[in-house]
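Next up is a structure, given as structure tokens.
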Amino acid sequence: MFQIESLGIPKVKSPLQLSTVRGDHIFNYVKEDDKLVYDLSLDTYNKCLTNKEEPLCMEKAGPRQHIYFEPGKTTAAIVTCGGLCPGINNVIRGIVMALHYFYGVPRILGIPYGYEGLNPAKGHGFVELTPEKVKDIHQFGGTFLGSSRGAQDVSVMVDTLVDNRIDILFTIGGDGTLKGANAIGEEIEKRGLDISVVGIPKTIDNDIDIIDKSFGFETAFDVASAILRDAHNEASGAHNGMSIIKLMGRDSGFIAAAATLAMPVVNFALIPEMDFDLYGENGFFEQLKKRLEAKRHAVIVVAEGAGQHLFDRKKVKTDASGNIKHEDIGVYLKEKIGEYFKDIFPMTIKYIDPSYIIRSAPANSGDSVLCNQLAYQAVHGAMSGKTKFVVGKVNNKYVYLPISAVTQKRKKVDLESEFWFSVLQSTGQPFLM
Amino acid sequence: MFQIESLGIPKVKSPLQLSTVRGDHIFNYVKEDDKLVYDLSLDTYNKCLTNKEEPLCMEKAGPRQHIYFEPGKTTAAIVTCGGLCPGINNVIRGIVMALHYFYGVPRILGIPYGYEGLNPAKGHGFVELTPEKVKDIHQFGGTFLGSSRGAQDVSVMVDTLVDNRIDILFTIGGDGTLKGANAIGEEIEKRGLDISVVGIPKTIDNDIDIIDKSFGFETAFDVASAILRDAHNEASGAHNGMSIIKLMGRDSGFIAAAATLAMPVVNFALIPEMDFDLYGENGFFEQLKKRLEAKRHAVIVVAEGAGQHLFDRKKVKTDASGNIKHEDIGVYLKEKIGEYFKDIFPMTIKYIDPSYIIRSAPANSGDSVLCNQLAYQAVHGAMSGKTKFVVGKVNNKYVYLPISAVTQKRKKVDLESEFWFSVLQSTGQPFLM
Amino acid sequence: MFQIESLGIPKVKSPLQLSTVRGDHIFNYVKEDDKLVYDLSLDTYNKCLTNKEEPLCMEKAGPRQHIYFEPGKTTAAIVTCGGLCPGINNVIRGIVMALHYFYGVPRILGIPYGYEGLNPAKGHGFVELTPEKVKDIHQFGGTFLGSSRGAQDVSVMVDTLVDNRIDILFTIGGDGTLKGANAIGEEIEKRGLDISVVGIPKTIDNDIDIIDKSFGFETAFDVASAILRDAHNEASGAHNGMSIIKLMGRDSGFIAAAATLAMPVVNFALIPEMDFDLYGENGFFEQLKKRLEAKRHAVIVVAEGAGQHLFDRKKVKTDASGNIKHEDIGVYLKEKIGEYFKDIFPMTIKYIDPSYIIRSAPANSGDSVLCNQLAYQAVHGAMSGKTKFVVGKVNNKYVYLPISAVTQKRKKVDLESEFWFSVLQSTGQPFLM
Amino acid sequence: MFQIESLGIPKVKSPLQLSTVRGDHIFNYVKEDDKLVYDLSLDTYNKCLTNKEEPLCMEKAGPRQHIYFEPGKTTAAIVTCGGLCPGINNVIRGIVMALHYFYGVPRILGIPYGYEGLNPAKGHGFVELTPEKVKDIHQFGGTFLGSSRGAQDVSVMVDTLVDNRIDILFTIGGDGTLKGANAIGEEIEKRGLDISVVGIPKTIDNDIDIIDKSFGFETAFDVASAILRDAHNEASGAHNGMSIIKLMGRDSGFIAAAATLAMPVVNFALIPEMDFDLYGENGFFEQLKKRLEAKRHAVIVVAEGAGQHLFDRKKVKTDASGNIKHEDIGVYLKEKIGEYFKDIFPMTIKYIDPSYIIRSAPANSGDSVLCNQLAYQAVHGAMSGKTKFVVGKVNNKYVYLPISAVTQKRKKVDLESEFWFSVLQSTGQPFLM
């Protein structure tokens, strides 16, 4: 069981006027024992039946009949951390609207520039958030609150929460941010405080574990796929023309794979999860040569974290968030392909690196719906006194999960999944190179 | 159990070079007993446990190690029926590519203008489909093959399949089309023929039962939501300005609801599933009046099938597909709102009916991925000899379902679901009017 | 000569630090005697030579070295009237930025809801406009200030200007608005007041006389052309499929013609300027029949004001702005085509009326550049004390023109111009039907 | 006078059924003496009058009553050279349609991969172009024919024209391509051949002299401006966040300037035409520091050819077309800004280089109209026997100009023009840095 922690027993009657019976055309409060099975395979099911054990379950997201915080006296705060991702503003807007209109929470603070904003020494101050201020921000990419990378002293951040009478902290960020949120939650617990900490997982790479997909991911491959269409124009516009497009994906190839599937003009997709050789009879370059000889152009998508096994790994660097800084596989491939083919036949290579263009785009409609629903569910969970939890979609249903459950490892493309198989079917590239 | 019928025992070795073990980085053939549970709630699990019965299961989609048709001797045909929907061309393309490149099927026929094309009396002929011919069509809306509404004589259509040595018929269409496909499949069975009939459910309204969503739906509310943004400009550009946008949704309000959630500028969403009064203290018009007095503009989304209870239902008409022709609720509302407010205060009403603009758009990236995967799975299922089945996504996994299972009733927006609750949270409209 | 009137001799030194010499890489103030020839044909030149007369000239737009209003003491106001048009917000933003940053004008008032906002009886109040308030509005369609149709009492409006110490009134609107602005200017003159009245012509139909094109027009046919692409999908998706798209163009066919040229899938473009018969050997229907027989589908674009000669003109109606309300040619054609062909062969007709979707869209980049430059030029002209003038682009150069010069008649598509000839070349339709 | 050369006296009656009188609603043939004045300023006009000399004139483009080539016996060829540019396919399509439908030219050859395709040694062959083949290509970016850089032997190319009985060669390309076309025309003249050579100027940089603008330019800054919007999200999303966007513009800053004006979120635009210092009290870095202190973020647009004076110019390199290869000013600025500010305050810099994404996009609507009209006019001019000419828009009118007239120098942004002044007004940057 993915068990969510709670600040205490919810005793306040929810101001939402919902129902508890089916048939009255009014949404029902979600009950604490509404659980959803995690693993859908009949095998697992049967194993549980045999062993007489309960299957792994998740808590259904939604408004509870009794909540923990007295809405009229509650202060909430929102912070956005890490790199940009489409939909951040939609989530901010959704949280503000839900707190204000559904629950009547009177005071909502925006924390500027990520966790830095919880460190008074940085001098960023707060922004008072109201429906009027956020009503149009969903139409813009970026983050209305600003962001920053890297950690701050947990104790200082909790002091700030206390000093500003903040009851609920909504954190929008990736793996590092969520771990930070958990640490804040643990410090709160240690001090015996009544502050809820909530995470809305934000990773354009889609690499948060367990959940179906994270917000912004769909927009990312939507924007990317138009770029692939154009990259194909570049490739086919020249004799033996090649386009190399480096897409985001530090440790996982979800964007590269999904964009490839969405715009089936790609001939090779290279992702961090796969091993591949450049040289040799079955190597990438020989495959590429065959493709060029057959069609006179080729489109190559490479995730930024792919092919790191090709570099000397002794000199590893990290960024302010502690993420490993990768060698530039795109530039490397461009050089090596150029070297490889220069004595074989004349060719041209166009190298395209659109990362900032993708991550700063406004959310598309699918993501907008997702962001709105994540924001609403996060608010319902927080108001009911749950803490150290994230909201996410699993098996196409909204659930609450402990932060700790989704940060144990990063999700990766399963090379034996139907998803990756679809990609290979689309590109025509072999399983192994 | 959703049990799929089969033409016979698959004995031909699949030409796909897949694996049967985990860990070799090669996709595994799907086994016939790979099943997925349909209902995720722990309650259902416990009920099964108590009653010692197997839960309702679905067959996992994917390539089988042994197939039924000898690929090199197989002829496949594709037909598209009913109204346009984003993604039809992507599905056509995906099927052609999968048949040609994965299985080496040498002959693929395009049936022009829907089921009419299976009636020789119509004189439409066939189109030979090749990768070269379909390689760019995914970038266009509409249907490369043309479509038509309405039924044709089942016996004549089966004769045509036989006369042209067609082994597999892929039908892309909605409820009526799928029922037609099932009837063809039954006639084939009656005659003892070896022809597989496959359905790829196509309904822009998203009202095919059981499956998570149908292709084209996401594009539909994507296109619609940009129109809502502009409609909001129209409304707010005038004092007491109102925009009424009629969106598709003959019997269900999925597009109206999702577009509303994607572009949260909508104040009222009216869908076929809900009852509502225009007049009276809690009626729609009084709610609308309050909104105008507060903000001086209002955006109203109405699904085409909404509010039919307001009309005299004696004079029901139907179209060529047998669908009930609805009274025009959009025009009706425009008139009645005008009458209601004309003595209260000056106002302007803009009426927007974008249906054809939405359904003829090219698929967005999310739908493109979905279409590609549906096409691939349909081909794998058909090659393995399954028949009278559809391919769809349920609980975020690809499965095969009997056609008959998804055509028993049309899916509707559950007024007590979290989805509809999210919409109401976004608009701020009351549960009941 | 198109002579602009002036409030008096400009004596205040411009706060812009410009130059008066070439070669210093600093823009030069425009001199009052910088004129541009209106008619470019060599014939006209030779005629002037023979007759020893000066050719018709226009005043070059731009900042003057001496201005009329003391910037620090100036109050400006902006009003937007009539129907929506892409780019209104860009013009508002540009005016505010130019007044604030270039000249340091401290007080800028937004007049809500068109000329109504200058009538205190309507109770709309004013909006204080600042760079902060308008900095993002260029990304939205519609009008930030709201609009209304119809005239208000000129004397009352001038009283409002006086009561609120407004020195410059920027009016953004079409033919009727500009005539209203001129009337305000004349009343000001009669009363001997020091108030400048400026017009920025706004007509999505592009029918303001003399100027090359009005802002919003390019966006209009940009949005329309994507709809034509989709309409083509609808037409070609059915056997003998036809799409009829009604585009804006009350008295002129510029949008219909330009969209047709931009998306060359259109087979017939019908505009108000042309006469055409429906029936008879050379009539439209016979041409349409030939097209269907050849290609089995047809796309028909019709401007809303086309074909009015087909209706009984006795019962003419007008809207609040005094514009004649046209009979609905789109609906009429749909009916008559249906009647004509129903006994000839089966066919389907899709009717598309996207007007609000087009006019409420945000400005595209070409229009954004145009709007910015129009706004800047309007501010320079107004600050220099000119009045009753519009700013526009003629022969690809920015000029000032008297309002009265552009409101004498509406511009129409010249049926013997190369523009219309290009459209006919693109559609393949005959000159006369 | 910009005098166009001709192969001989046109004696063939045009198959276009046009008119020669006004008032019949049929387009009139353009007469050879229809000239347009080039310089619009009244000063120039008066100077001519005083000196009794004819002003500089251009030949009006359009169909002539008598043409030179017998349409039914004519072979035309189309070649596209140099880098991609939005609209190439629209021009190809327009030429094919005009030759086929207007004049009935039976044989149209596509030359693959630029001038290389006219060199048989390269072995590329030809593509037969028909309306069917090109009817959809306007919806795609890139070039349907492929392209290449660099020159080929003129004599060999003329041999190819002769060997393949090509009567008209349409060349679509930039400065180098046009010079090549002129050389081909001169060789033809030397040999006394009857082959017309036409240029349709293609330069995404918009730097062809004399003409108002080249096709693709507007799409370029349209695509770029959306990227600037997103770059602004990146900048404002971080404390002291900066975005540097490098846009195309080897020798001129038109794209950088127009995109800046179209998306007024840019604070600094740096173009090749301007001199600027990085350091010092009025230098760029000090201006940038002031901006950051005031607003905490900055958006910097830099044309690829800007700031070359900052590099050591001894080691100049050139590409295959002979264009000078610039040092990477974008990367350079990123480094130097980082160095400058690292001891002043913490900041982040995002560097964006979208070039291929821009040039491979499909043409927007404005460019589509332009491309269609350029193509039509090019065909009319070629059929009438003119040679060594380009078609272009000057003062908003279509004219024919000698190739030699537009290749003498490249157009640059005039730093004292109203266009550049508008850009500076929009950014707020000083004239000189």
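As written, the chain order gives the labels A, B, C and D, with residue 1 at the start of each chain.
Just so we're on the same page, a contact is a pair of C-beta atoms (placed from the backbone, for glycine too) under 8 Å apart; a residue touches a chain by one contact, two chains touch by 3 or more.
In UniProt terms, the chains line up like this: A, B, C, D = ATP-dependent 6-phosphofructokinase.
It should be emphasised that the depicted structure is a prediction, and the values quoted were computed from it without experimental measurement.
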{"item": "Turning angle required so that chain A lies on chain C, C-alpha fit (0 to 180°, nearest 5)", "value": "180"}
{"item": "Interface residue overlap between copies chain C and chain D, same or different (over half shared)", "value": "same"}
{"item": "Averaged-CA centre spacing for the pair chain D and chain B, given as whole angstrom", "value": "45"}
{"item": "Inter-centroid spacing, chain D versus chain C (mean Cα positions, whole Å)", "value": "28"}
{"item": "Distance between the centres, which are taken as Cα means, of chain C and chain B, whole angstrom", "value": "42"}
{"item": "Junction residues of chain C, two or more chains touched", "value": "139-140, 229"}
{"item": "Complex contact set, residues of chain D against chain C", "value": "19, 22, 24-28, 33-37, 40-42, 45, 48-49, 54-55, 57, 61-62, 93, 97-98, 101-102, 138-139, 212, 218, 221-222, 225, 229, 258-259, 261-264, 274-275, 364-366, 368-369, 372-373, 376, 395-398, 415-418, 420-422, 424-426, 428, 431-432"}
{"item": "In the complex with chain A, residue positions of chain D that touch it", "value": "84, 112-113, 116, 124, 140-143, 146-148, 227, 229-234, 236-239, 241, 243, 350, 352-354, 356-357, 359-361"}
